[in-house]
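Attaching a single structure in structure tokens format; questions to follow.
Labels run A, B, C and D following the written order; every chain starts at residue 1.
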Amino acid sequence: MAKYGYLGLGIMGRGMALNLVNAGHDVVVWNRSSEKCDELVAAGATKGSSPAEVVASCDITFACVSDPEASKALVFGENGVLEGVAGGKAYVDMSTIDPGTAQTIGAAIVEAGGRYLEAPVSGSKGPAENGTLILLAAGERALFDEAEPAFSVMGKKSVFLGEVGQGARMKLVVNMIMGTMMTAFTEGMTLAEKANLSTQDLLDVLDAGAMSNPMFRGKGPLMQKESFATAFPLKHAQKDMRLALLLGDELAHGMPTVAASNEVFKKARNKGLGDSDFSSVYLASKD
Amino acid sequence: MAKYGYLGLGIMGRGMALNLVNAGHDVVVWNRSSEKCDELVAAGATKGSSPAEVVASCDITFACVSDPEASKALVFGENGVLEGVAGGKAYVDMSTIDPGTAQTIGAAIVEAGGRYLEAPVSGSKGPAENGTLILLAAGERALFDEAEPAFSVMGKKSVFLGEVGQGARMKLVVNMIMGTMMTAFTEGMTLAEKANLSTQDLLDVLDAGAMSNPMFRGKGPLMQKESFATAFPLKHAQKDMRLALLLGDELAHGMPTVAASNEVFKKARNKGLGDSDFSSVYLASKD
Amino acid sequence: MAKYGYLGLGIMGRGMALNLVNAGHDVVVWNRSSEKCDELVAAGATKGSSPAEVVASCDITFACVSDPEASKALVFGENGVLEGVAGGKAYVDMSTIDPGTAQTIGAAIVEAGGRYLEAPVSGSKGPAENGTLILLAAGERALFDEAEPAFSVMGKKSVFLGEVGQGARMKLVVNMIMGTMMTAFTEGMTLAEKANLSTQDLLDVLDAGAMSNPMFRGKGPLMQKESFATAFPLKHAQKDMRLALLLGDELAHGMPTVAASNEVFKKARNKGLGDSDFSSVYLASKD
Amino acid sequence: MAKYGYLGLGIMGRGMALNLVNAGHDVVVWNRSSEKCDELVAAGATKGSSPAEVVASCDITFACVSDPEASKALVFGENGVLEGVAGGKAYVDMSTIDPGTAQTIGAAIVEAGGRYLEAPVSGSKGPAENGTLILLAAGERALFDEAEPAFSVMGKKSVFLGEVGQGARMKLVVNMIMGTMMTAFTEGMTLAEKANLSTQDLLDVLDAGAMSNPMFRGKGPLMQKESFATAFPLKHAQKDMRLALLLGDELAHGMPTVAASNEVFKKARNKGLGDSDFSSVYLASKD
């Protein structure tokens, strides 16, 4: 049985690492502020001393940190991942980063003698804890297959998408559809209100038909209460839409519906909703 | 047990009337070209001689015809519904008509001594045959309750939405969300293609997550084959978006995402796709 | 020298009729509330007793009333225009009406033995008074030529556009470009502000270059003061954009930029700006 | 009288440098491929040996190169501008570069003991030759005043906009209004065509009214002929709109009309029009 490392025990990483431990795997964990390791150690994990040491001592090391800068610091910093990968160690970065950063990191890992996979996830805190994430992997195909026992514990589905960068790109496409579906929904909810239709009736009708989906089902009742506790911050949702539109720009691909939706999200940020849940774009649709 | 009438045996009406007959109800049918009644009579229905006669001889008469003009002709024409409603006969119009036409018809029926409900449906041919339509009813509340035994056979869900016109309005809101979700989806599918991502991977990822819905699941594989056999004509989908935007106009409600989507549908009409399935808007997104 | 009639002495009609009188023409005027005729009579006009009488006693009668309903009432009402046109009298409707209404009125006039021209104008109060309107004429070509001496007094330019309805359509195209230029402008003005650029510098730079135009020059300084006294009501500007988009809809012509702009105007109406000048859409762009 | 340097003799720089020489100024010129200096030398300029040498030997050195990369190479390269600025030499970069690059260059120049102004221009080849550019300057105010004798020869108007970066930002705002006005115009031209209105009539009417501007006047007749010889490449126009939208993104400012227009330009690029004049977006509006 493979020995796994896990670097970064934030909201997402904590859930994934715990699932690995609870499934009976031998796991070495590391986090910048080390007290976050305690819960994992109590559950059966071992505490590592640095990213380099964890990577060198494990077969496959996973990581999930907050953004491209943190991701690069983890790899290129002192006692970083890069110092431990020689001799064919495998590194799987599950952070949400842009295609360019993924390519930079992947190339460096491989050049240093290591193996690389990007595997950003679709899903937030709940799915990370429940092991129901969707993993968007790209890079070395053989490593994807080897990591399957770990992936199957962390997520309900993992797909292999080709060369490094395609994982990041798929995530942008998915999140851009999500953001646009969200404003389609909020424009409908607010029109219903102005037309004196019951939004509950609207939710019921939508849920009974071909558009029925967990997002409308989950966010609709929260909109009715104007309850926007953050599951996915609006500013991050808008950032992904911006990046998706820039990907379209690169490819000379016009996407008018997405672009219109993106501007609504900007208006929502201007209302101070950047840190609220992305469903709070509802309040901008109301204007 | 109530005696039911059914006027209009087209694609939608035929399925609904058959379901009433097959459920054991006593049903009198009528259609402008009378040979369409044969199948129903063979199944156990009685053939009526005119709308007026059907309405006068039944407790509740349902109708489903193609558009507002046909709907008005059925009611106000010679031997039309209006001539049969005196004495409290009930008429339920399930055609897709605009709020104004529904109000005109409803007021005339009531003035002539009848009872009225509009009940446009969400769903197309398949759900009409399977009895899984969603009924958007508005008008007389008591009649809605009395019609429940019939509604439960024709649809899987029926909601009562208030005064006449609200059924039509709810349908516009629902269809406008549907059209906008569709271009959000086609812009994502075409971006995936241009970014060398597999659309099958995209469909799989979408179907595993919070956006999973029957429409993406059903239309996605057809888009991959560019197979656009008409379930819901694109020109009708666009017409509903136009009317929803005009409803917003009436209410001073800006809906930028919907408006952007609507223009994509117009571009699709300009490509000659008006009579294809509304998912063929994919071809306009590809440009 | 031809004898002219003028029906309707509101903001626009008053200026045009005065210009005809001041140019030395023999003019018979009529207005629903007759005291508005006094100023014209003082200037040298004759007061008529009804639309029918004016039309019957003049060679060419012009009219400018507020909307399609007023326009139809003037023609089809008791002692209306229609009763005076027999025997080849000419009627030129300068009101802003939709293509359908223009066609209805034109057909009725011609059938009654009269001659017809629609001639909606581009320009507001100032140009009506200064004789610098632009006349968008359509209908009978010979009548357009005969009316030239009057047109040249009321406007600085008149164009003949073909069959009845084309005048109304041209006005929609012009006003839709105007509305969209306006939100392009307000989005730039508000971006400049948020970027700590001086809007005065922006106005100066715009005015020195290829985009230099009287509208930016006139409305820009008023925006800086948030002074939105009504020259052209926002709700009318938005109505024209709606009608232009519906004309596009009829012709299967997608216009995404115009549609986006139109929704901004709706948002402005929702802020209570419908009766303010259309440049107050600036306040919606600021959100 | 000050001694001027000019670096970069491309389409724009050549015209500006010639105007300086023809106005009687003492000018030292330099260009990467040195044969471009010949024409200037024939007109009275002196040929410099490197950017560093030109800067060190002149009071104020102007530069105009193609993009941010060329701009940085000119300053930071071997024998570059930076090596010549010590002792208070002045450098004015007239290239179109993003705010960040302008700030990077400006800071380096000042740290090396030099003085800096960014001064991107509004206007293309013709205005560069005729001396009718508009200069959007920012940086050191005193230098702006000192450069006035040169600016007044190169342009018809120069404005001082504050700290470095504001010149670049103003240019983005101006070009974004321009691009959006352009699609407002092309959507109107194509609607006119589909409605069987004469585009010549439309151009005449627009030119007679409040929207009258040199851009419509110049580009309209070229659109009628579908003649799109490049004055300003469509891909550059779209790039400026992208950057303006990203500036809005930074400032949480939604600009729906601009965003819609930007997507039309992307569609035009997808049709292969990137290198045509930006007015060829007309062909995308036609779809």
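Basically, a residue touches a chain if its C-beta (ideal position, glycine included) is under 8 Å from a C-beta of that chain, and two chains touch if they have at least 3 such contacts.
Bear in mind the structure is a predicted one, so any value in this text is a computation, not a measurement.
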Any chain in contact with chain B as well as chain C: A, D
Pair exhibiting more inter-chain C-beta contacts, A-D or A-C: A-D
Longest centre-to-centre distance from chain C, chain (CA-based): A
Cα-centroid distance, chain A relative to chain D, in whole angstrom: 41
Length of the line joining the C-alpha centres of chain A and chain C, rounded to whole Å: 55
For chain C, residues contacting two or more additional chains: 248, 253-256, 259-260, 263-264, 267, 270, 287
Chain C contact footprint on chain A (complex, rising order): 256, 260, 267, 270-271, 287
Residues of chain D defined as touching chain C within the complex: 122-123, 134, 136, 156-157, 159, 161-162, 166, 169-170, 173-174, 176-178, 180-181, 183-185, 187-188, 190-192, 194-198, 201-202, 204-206, 208-215, 218, 244, 247-248, 251, 253-261, 263-264, 285, 287
Interface residues, chain B side, partner chain C - complex: 238, 242, 246, 248-249, 252-256, 259-260, 262-267, 269-270, 274
